[in-house]
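One chain, subunit A, links the two complexes that follow: it is found with subunit B in the first and with subunit C in the second.
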Partner chain A sequence: MKKIFGILGLFLAVFVFTALRNPQFVSAYNLENLIRWISLFGIISIGVSFVIITGGIDLSIGSLIGLTGSLMAWLLTHRGWSVPATLVTVLLLSLSVGLAHGLLITRLRLQPFVVTLCGLLLYRGIARFITDDQSQGFGNSHEGLRAIAIGKIPVGSSFSIPVPFFILLLIAIVSAVVLNRTIWGRYLLALGRNETAARYSGINTDRIKIAAYMLCSLLAGVGGILFSLDLNSVQPSGLGEFYELYAIAAAVLGGCSLRGGEGTILGVIIGTAVMRVLYNAINILSIPTHLEFAIIGAVILAGVVTDELAKRYAANRRAVRERLGETPAPSSS
Partner chain B sequence: MVAPLHPVPKLLDVSGVSKRFPGVQALEDVQLTLSRGEVLAVIGENGAGKSTLMKILAGVETPDRGEIRVDGQLVSIADTGTAKKLGIALIHQELNLADNLDVASNIFLGREPHQWGFVDRHRLYSEAHVFLEQVGLNCSPRLLLSELPLGCRQLVEIARALSAQARILIMDEPTSSLSQGETEQLYSVVNDLRNRGVGIVYISHRLREVKQLADRVVVLRDGRNAGMLVQEQIAQDAMVSLMVGRALVRQVRTSQSDGAPLLEVQDLRTTAHPQQGLSFQVRVGEIVGLAGLVGAGRTELLQVLFGIDQAVSGTVRLGGQVLHLQSPGDAIAAGLALVPEDRKLQGVILEMSVGRNATLASLHRDARCGFLNTEQEMTQASMMTQQLRVKTPSIDHLVQYLSGGNQQKVVLAKWLALKPRVLLLDEPTRGIDVGAKQEIYRLMEELASQGIGILFVSSELDEILRMSDRALVMHQGRLAGVLDREQLSEESIMQLATGTPHQMATSVLQELL
Partner chain C sequence: MKSFLRMGAAFLLTLTVLQIGCGDKSTPPATGADPGTGPKSGRKKIAYVTNGVDPFWNTAVAGVRAAEKEFGIDCEVLMPPKGLVDQKRMLESLLARGIDGIAISPVDAKNQVDLLNQAAARCPLITHDSDAPLSKRLCFVGMENYKAGRAAGRLVKEAIPAGGKVMLFVGRLEQLNSQQRRQGVIDELLDRPMQQSDSANFDPTGKVLSGAKYTILDTRTDNFDYARAKANAQDAMASNSDLACMVGLFAYNAPHCLEAAKEAGRLGKIKIVSFDEAAPVLQGIIDGHVYGTISQQPYFYGYHSVRLLHSLTKGDKSVLPPNGFLEVPIVEVRQKNAQTFWADLKKMQDMGK
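Let's look at the complex of A and B:
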């Protein structure tokens, strides 16, 4: 919980700073856009945080977004598939990608980094091949479907909440309940800390890890669909590029440890929000966009360093307390 | 004693050193001195504080209190670098060598002779040769360490210490993995070093070895100085009685089980020893000890029974039912539980709370449709921890802050919540203090009296003798024999465990004591 306060503080600091420097930042138009992008990135960040909690990593998210996003547009417009058939196909594809990752990692004992790095290359290549590397889009069709990404629900007279926010909310609530209120979530946290001890406690650790990779890929697939619908025109070579790194960074900022066993859904969402607000601030404050990566990198580094220092401070305090409480005072003899 | 006019300061003088770890006072006001050219043996039971003391001297741990003087100068050994500069070298049980490098590179690791930033290979090998001769190792300095027998690697480590101008050599169980011949060679190296004025702190369990090598013996017990023996006083009985602090009077279990067969193992073969079929029984309410030397296949047997490893062939029955043990889940469902050998790796999740550890195995039973029953979980966790008297500030405390004994109780709590029919324990009291040991013993007896069958592995003869209704003794994967209560003795166990005829077993036993 304390961890969330830290990242929340960072979020508020960046938010207030930007709002003071340029009031445009808090305009309804900008905030709506911001919320929509936080929601889209939040979904994929939640996915990868499940994998990170197992102590693993998924580098293929961005390419999978590229594949699912352009495949969906291609099936609908070039192949004339129906909407339900397309969505089911794309989501099943995502699930099977996750299943393949999970099986390779648990059964063949390959390293998650290697497996998903190959995925990163593989899915990008497939996306470009299937679509002949042509940009894909919906034009003016599928307005109804696109509403799930670009639609808004008005609250009050001047402000609307983008639909993806509700999708994120639903996914976040389900994820938080699964992580904190089910035995599956408990097992996930346990095996992330110590897989051997979890296995010795009778937990089927392989099955849970596979499920985590499937969930991650599924949410990347959902993200791919939404990004594609939102952008309308997508490049198979470019859609989702670097998104795996944004998602991992958001998860780490939000309190996930790459060593595994640690993380909260709320933290991950705030972590995502920090990333997007930073990105937005760079644009809106007319900071040269060439600096974008440098600034985001610096802020994440600062956040992680602060967190580590705070942890050490707490650990030292604890050690001192323990010593004071337990060691008898030095005898005078 | 008459003090000399100009007392020569001791090479090493440790006084009043104390060290506390969470939950255990590892050292309390310990004194120790070492002169040049002296071999000082430090002995004591497991957990007496030998390792902690040596780690303090080597700069791995820092003492809470106390003074350390080298050549009369007060020093503070804050890290291993400082220890090195003072000329203190620790020859570890687990060797600290890089086996992908050659012998010479290992000797000079981090101190390679160099010129213009390049390693001076000529000097590296010629100088390595000198130090190899000093430790009586005549192998090429260009030989890859991985091609060297284990015993010789220890000599390489000593050569490394000498090359770093070590004047105080701490040897921790140096002969534990050596053959007879290698041990003899080590003795002569130790004698040679003594003659050249190196001070040696020699830690060993093997009292015969101590008798042969040591000029003086310091005995530690429960983190304190228990006594000191000089020269002709160094005898086995004297050492043993100082180590245990009493003449060896054994408490033995009085209750006996004559219950029905509970766990029946028929011709079970493990992958470690597929040529040996194991057959035995554990009866209702019976405590069966599983004795044998390290590597005899005892842990492998328990792991097969718990479904961690698969058997090559054979059957396991529990209460007459044949079990199909493909995973720990299968074993647990059948009513088996395992308290594993490596507590921190296999037993507990250190960074999780006491409560969550204690309920980890029984969560699925109390869950509704996969949802945690948090209230029930908390109640059960506090009930189990109270029942087992786990010393913890609260059930939300992280397990890593508990002492070894309390961590072990958390592992037991995890299983007892499931009410197992057979409890398997692998070295249940390894590395835990004397008080907690007694509690674990009491608990095992209590569980047996409730009808649980217990099969426990132990490398401590004392424990096997104290706890077993019956003992199985394994030797090189084979069930060498089964001993009933009346037949149980140190001699009978060692005879079977070493696969030696009676007289030899007695001599091995003496060596161990």
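Let's look at the complex of A and C:
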């Protein structure tokens, strides 16, 4: 829990600063939009956090979002498939992609970076090939289905919660329970900390890794569906580009270690929220858009450095107290 | 033995993948190259290079295909998915393998001069859609983007005659056409005198520009990320409750403004002015949710580019316009002419099939 204090502080600092500079930031309309974007990006970030906890990486998320998003619109509007058949196909495809990644990484012992980098290229190419590189959209049809991305549920007279938030909430609760309250979750964390030790302890590490990659791709597929429904216009060559980096950044900001073995679902969601609030704040405060990457990079770096310095300061003080013999030396854990 | 078998399996798999990639499906491969009808023996081969992948270019390609048939020439269409880097790669490949003529929409007119000159030294080179006046291109096929911007500004004035706050949206501002378009809208709304397109002064971004009736809040860019395009429109409405008009300078911008306005329940309350002829925009104009759009008639970009290159590859320079600029007139689409315009557009697109 202590690990997310820093990122939570950064989130609150950006939030309060922006709200003070422009009160429109906390208007119901803006908060609803913000919640929707955090939900969409949060879902894919939770997915990649499972892979990161195993000490792996998935660079194919953005392209998989492009493929599933394009396929979703293409199957529904060009091929005339039914909604259930399309959803099942797209989700099964995502699971299969994750299974393929997992098998290549565990059975063939290929590096996750290489496997998913090839996936990044492959899925983008397939998306462009299948759709003939043409933009896909739903037009004015499938309004009911689109409600799962753009719909809102009113709470009170002037505020509504976007439907994707509830999807994120469900995924986050299930993920948190799985990670923290099940044997599988403990095995996952153990595998990330020391794979060899976990294997010698009798854990089937390959199976857990495969499951983590499948979960990651499945959530990327869910993200692809929601992004395409939200935007109503999918460019096969562009949808989801760089989203893997947003997802990985959010997961790492939220406390996941790229070395594996660490991470919390709440932290990942807060990490996502920091990224989206920064993007939103730049527009709300009328900062030129060509400065956005520079500002986001600088703010996040400043936040991470401050967090690290604060941790070191606290550790030094603890060490000094221990040397002075005020307290008995605690165990290293 | 095992490693030999492994190598064999990898070789076979690679062959299979390549075979799938080279199947006879008549669709463009993933590199963005559209082989068109394929080279016929003895026919000249030219290339039509766009600045990205967008439905806007499909209409231009319809013009390319129609001219291909009419003039008996083969034209390869290349759509760089990643802007400048891919465009450079594609142009270099064309020059390396040999091509008889190139029509290109440069992504960065000022900084691509050397590359464009390299191409111009090897084959006839013309620009379309966005010009590179400092290069040795033979002519430019397109509209005057500054004038088109002023026309869009006039649509804004018609949409909100009492004045108000206006926000502009665009994919990227590095391109000369987007800079000129933006400046045209700004100058028209601020009642400034007409500037020359090729020597126009550009107002800096990030600065509120106010005139007697209209205030231009800013120009928001999205780098062709559709999610950003939509979020930019949402954020503009969120931070300015009195926003009166949104102007999309690229084809996909206004459709996302439309989506954002629809979700916010502000359809018709916030006026939308667009460029180009995306289907949601034309439907929006008919429904009264978009005030109007400026069509560049991209069909003629494709058609005239191929027509000119056909003559130039045969050494006939008489087709070149005297000042090096072949102007394709813009069409202002409003509710009264939207249906006729859309029907004509569909006819042109069908002609290219």
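FYI, the second predicted complex is superposed on the first by the 303 of 333 C-alpha atoms of A that agree within 3 Å, B and C clash if a C-alpha of one lies under 4 Å from a C-alpha of the other, contacts with A are read in each partner's own complex, and residues count from 1 in each chain.
What we mean here is this: a contact is a pair of C-beta atoms (placed from the backbone, for glycine too) under 8 Å apart; a residue touches a chain by one contact, two chains touch by 3 or more.
In this text the structure is predicted, and so the values were computed from the model without any measurement.
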Of subunit B and subunit C, which one touches more residues of subunit A? C
First (subunit B), second (subunit C), both or neither touched by A:Gly261: first
Looking at A:Leu169 after the superposition, I want to know if it touches subunit B, subunit C, both of them or none. Which is it: first, second, both, neither? neither
Does the superposition put A:Asn22 against subunit B (first), subunit C (second), both, or neither? second
Mind working out whether A:Ile295 is in touch with subunit B, subunit C, both or neither, as first, second, both or neither? neither
Which of the two partners, first being subunit B and second being subunit C, lies in contact with A:Leu239: first, second, both, or neither? second
Mind working out whether A:Leu189 is in touch with subunit B, subunit C, both or neither, as first, second, both or neither? first
Shared contact residues on subunit A for subunit B and subunit C? none
Would you mind writing out the residues of subunit A in touch with subunit C in their complex? 22, 24-25, 27, 29-30, 33, 37, 124-126, 128-129, 132-135, 137, 139-140, 150, 227, 230-235, 237-239, 241, 279-280, 283-291
Residue numbers on subunit B that touch subunit A, as the complex places them: 20, 22, 64-65, 306, 308, 327-329, 331-332, 338, 340, 345-352, 356, 360-361, 363-364, 367, 370-372, 374, 401, 414
Note: in the complex, subunit C contacts subunit A through residues 27-30, 32, 53-55, 58, 79, 81, 173, 205-206, 208, 217-218, 220-222, 224-228, 230-232, 234-241, 252, 255-256, 259, 263-264, 279-280, 283
List of subunit A residues in touch with subunit B within their complex: 181-184, 186-187, 189-190, 193-194, 196-204, 261, 322-323, 326-327, 330
